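There are two complexes below, and they share chain A, which is joined by chain B in the first and by chain C in the second.
So, the complex of A and B:
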């Protein structure tokens, strides 16, 4: 029955359905991947001229005095945000909110969605506001309650701001995945353990954590890639500063070279060569998710969530 | 025996109280930040989040649309123009994503063709690929197409980058609609298009809503593309305005005004958060979220 129906469908109709998507994906995914590689072999600027310079940009990366600093910044930023928030706090919140009153738990999880859907510019504004240097700002006011002097947070602890800003957004992704995984554990396993005298802590340690091993690995891998390539919130809060490249990460450096040179020169070529590394990591990682993490299954699961 | 039991319950109670304190404590930081923004818009003088004075003058000034400070060095665009641009961007992105993704998802879900599984795999790979790394090349393409410094350019790029996720969500919904439903509509005398319009689309309306909200929020909040692909103030969106207010050369002197614009920018988000949470949650799990 289906077969005859399918054969009736003309190829033309199929193309009509797929064409808009294929065009956009071709124009803004495939062409740019190739273009990024090609531009990285030129010294292109705003004049958009193709002056081929071979591997000069890559050699420049090796000799760029800022690159070691930017590499260590990137490593610091990704690892600390990941362990403290995107995986660490996400896991703690998922476990905690599934062990307390269900309504309270659901409300708490909803609150953590807010930063994610808030326009980034406003979300950054919230943090900039709370950490202003005036004694009356939220952070300094709290310090004041303990009799401590006000701090110019953005200048003194720029990394704290960068990590808090990204961490509070990043936590929700892992939290939701972990919560879904924890909820899918059959309750009879947990009940039987409790009947046998296991404490809540033991249940978490010996039953729940081993059972969410895969989601844990998935979130870690996925969020590492997100953190590595995103720079939006850093751009909005510290802008890579204060001073020279204090909180500048690899992705932001590539962006700055291409688009934020106030002198007027745009280093598209050099910026592209930095981006090439992220593109390659991105391609490898995305293909790996598909193969290793059975992304397919993870993606189908959530259908249950819409009531 | 009894004492041991009560000791265990006491320990349990302390334990769960500590969990509550931690969870509520850390989550209240988020709430505090939003309260702070609201308070800042109605009070020129704050101690922490406690208003010392009350004034609606910022709201009065902002609602006139004219943000210019007398004698100030920089020109700010009219707020209503900026809001209009943001709305155009958000609605266009939402509309285009719903339309284009449901077409493609329908084809992938219902048609059998060579390369179907390749296409599916490709969409999944693209969905996790960090498209933001392609910004320099995309800039080059937009410039070649004459779409630099146009809203259409920003809309196209935003739609393209969101498409893999949108197609994936829609495909999931089309997959759940049984063939029998369409068949019976056809037997009852509907043609293909009527069957699609009257039977299939209502059956996937949850998916359409999810993609619509996702697309709207994605366009509404867009910042990096506007910053990078737009140079004229007449195409500024609210994200650019807020960014300009808080940084560098366009820094706005009156923080109440900045906060008020921020609150206005938040409004649709709050509405969706309160009334459409299940869709937002759905999108969150389906992928890397809105951002």
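So, the complex of A and C:
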């Protein structure tokens, strides 16, 4: 009797603590997803009428003449940013800053956090200033030091700007995770390797990298999904241009169709179906990552000893 | 040690936040609020002009006054003591700043109206709560704001918009038809409206709005550059006439522009708008295309004209090199106003209001404009076709909310008061828009403006874009395809045409007539 009552109390407390977050998740995650899916089955515009059109919007995605271009842009953007910055540079920075004087390393990491904590609009504006076409802009000033003529960066190398802008923001996340993982490798393993005569490079290659495999895979998976849905920095810098959909990615295309129409004509329905498509791509990618990289193992059994 | 690192990180973040905040503060666009609330400072001269309109007979004024008073006292019966205030909410947009009289005129009108009401001791006062949106707010954002407000029941009572939206607004029940009002006050001022403008505000046989202004879209050219190319003054003066006669075609424009670029006189041969809009439909019209079939009430897609238009744009960028490939995603100042007003572009496919913008912004003086800039109709696409221009009248509508709030009558009164030759002339002259009333052309301000007088002939060649609920789709598809043609060399005119046709058929179905 006593026990049942106690269990009930515990259950009650459990629910009391869980309910607020469950409600928040339900309200701000599940309801929007369901609404987006329902809207994607309509041809809703600014009259907000629910005209059901079945799967017409999804069929339209398959016949949309611009979709192949948008899709290849998205693939290029995600893969290059991920390889060069969000995982690549993050790893290099984490390794480099843990192999040097700790104070200097920490300072460098703190500096790399700046893009992340700067408000997106301000950060994008700084990039726009730095890459202005005038000879006095930061990039062109550097070129000028070498006697080179100024370049209209946004026009000539739009992808470079898009990838740099996103990459500099995205690097910090991986950097922190990798640093934490590297720091939790027991020092005696590294010391014994050093005693055996291993060089720094060998330590990195044969001890550190294998031991941070799981964080590496986690960051890769997480950042793939994050990049797939991110568009705000592209919107703020190149706006998907210059010219014809040069740097337009899937998420931005959906946003443009739904909200950025000159005549106030909105394609909420089609935009929503594009968003749902992205969710589907995200789910497929997640499941693939989970299966291929065996995430379950990561969750069950810690691969890194905690000091 | 770990604590120290954490401390450094925290200090770093705080410094970053401070720097970021400071940069943000400095970078925030100054003095460019999204909306401009215009104060009701009224020059005495204007008030005088309005109280004694030259065009109207005293009898008419009396009729109007009496009607207004009757309406107002009916809506808001006089109460002893405190005057009852009726608030009318109005939304207007430039987005060019000189067009501010689209709203300011309402304050002037309200002041006049209030002086009448006060003199007659009605105990009622009309107050205007108005907004005038300017860049960076563009049309799309403005319209979106309206639709969202309307869904929340918070839309304004009077809403200024482009005439092409009337189909959509009427169909979805956002606005009310104004036929009865117009009939009732026909002799007060509406008889005076330039007849073709009524076509722009009709949808399914009803009048849904009152014209606010109109304009022409000239092809501007730099006289100074033509002089450097060896053209005589006579040749330059004769240029607009040759275009009017159809002797100069769109391909001639490309040749002249290429010559100027090749000679190093300009960096760009031609600049056109940098965002979605309607200007570029003039190229299609110039190749003999039709947009609207008034009898069937359907939009039109002329295959041959679209083929030629797409070919022209592709040639302009990739064969002649006179338009830059990124023009359609450019910046208004750096890719449109700047190059043309600084003489770095020979031609500019613009609108009459741009003259107002250039002068008011100080990009050009009135004298420099007169000496160095010429303007002509948009040339015919090929020999035998006609030159064109496109008008896009802006219109005042009365929303459903005005009816709900019981102020539709007063809202219409105010629109009637601002549809005044003198008040509208202030707007026309300041913003370089064209008259909507016959008597406005005779207004002293308007008549003295040489530019407005000289472009007036263009209205003979004008066309409107369709008032169709699906016009936005037509426009959007054309813009995307044109942007692709300019931006991507491998997107050939043939490929572009196939895409355009397929997309138009898919999106518009029965709403569009496809003709050869």
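Keep this in mind: the second predicted complex is superposed on the first by the 255 of 307 C-alpha atoms of A that agree within 3 Å, B and C clash if a C-alpha of one lies under 4 Å from a C-alpha of the other, contacts with A are read in each partner's own complex, and residues count from 1 in each chain.
Here is the rule we use: contacts are C-beta pairs under 8 Å (C-beta built on N, C-alpha and C of every residue); 3 or more make two chains touch, one makes a residue touch a chain.
Treat the numbers as computed from the prediction; the structure is a model and nothing was measured.
In the superposed pair of complexes, A:66 makes contact with chain C only, with no contact to chain B. Applying the stated contact rule after C-alpha superposition, one finds that A:110 touches each of chain B and chain C. Using the contact criterion defined above for the overlaid structures, shared-chain residue A:48 touches chain B and also reaches chain C. Within the superposed three-chain model, A:261 lies in touch with chain C and out of touch with chain B [touch as defined at top].
Once the two complexes are laid over each other on the shared chain, residue contacts for A:241 go to chain C alone; chain B is not touched. Of the two partner chains placed by superposition, A:147 touches none, neither chain B nor chain C.
By the document's definition of touching, of the two partners only chain C reaches A:155; chain B does not. Counting the residues of chain A touched by each of chain B and chain C gives the higher count for B. Of the two partner chains, both chain B and chain C are touched by A:125. In the superposition on chain A, A:102 contacts chain C only, with no contact to chain B.
Applying the stated touch rule to the two superposed structures, the overlap between the chain B and chain C interfaces on chain A comprises residues 48, 110-111, 113-114, 117-119, 121-122, 125-126, 239, 259.
On the side of chain C, the complex with chain A involves touching residues 1, 4-5, 8-9, 11-13, 16-17, 19-20, 23-24, 27, 138-140, 142-144, 146-148, 151, 162, 164-165, 168, 172, 275-277, 325-326, 328-330, 334, 471-473, 475-476, 479-480, 483-484, 486-488, 491, 499, 502-503, 506. Residues 46-49, 60, 63, 65-66, 102-103, 106-107, 109-111, 113-114, 117-119, 121-123, 125-126, 133, 155, 239-246, 259-266 of chain A are the ones touching chain C in the complex. Residues 2, 6, 9, 11, 14, 16-18, 20-21, 24-25, 27-29, 31-33, 35-36, 39, 44, 48, 89, 93, 96-97, 99-100, 104, 108, 110-122, 124-130, 136-138, 141-142, 168-169, 172-173, 176-177, 180, 200, 222, 225-226, 228-232, 235-236, 239, 251, 254-255, 258-259, 268, 271-272, 275, 278-279, 282-283, 285-287, 289-290, 295-296, 299-303, 305-307 of chain A are the ones touching chain B in the complex.
Only residues 12, 15-16, 19-20, 22-24, 26-27, 29-34, 36-37, 40, 45-49, 99-101, 103-104, 106-107, 111-113, 119, 121, 124-141, 143, 156-157, 159-161, 163-164, 167-168, 172, 176, 179, 206, 210, 217, 220-221, 223-224, 227-228, 238-240, 242-243, 245-247, 255, 258-259, 262, 265-266, 269, 272-273, 277-282, 284-291 of chain B touch chain A when the two sit together in their complex.
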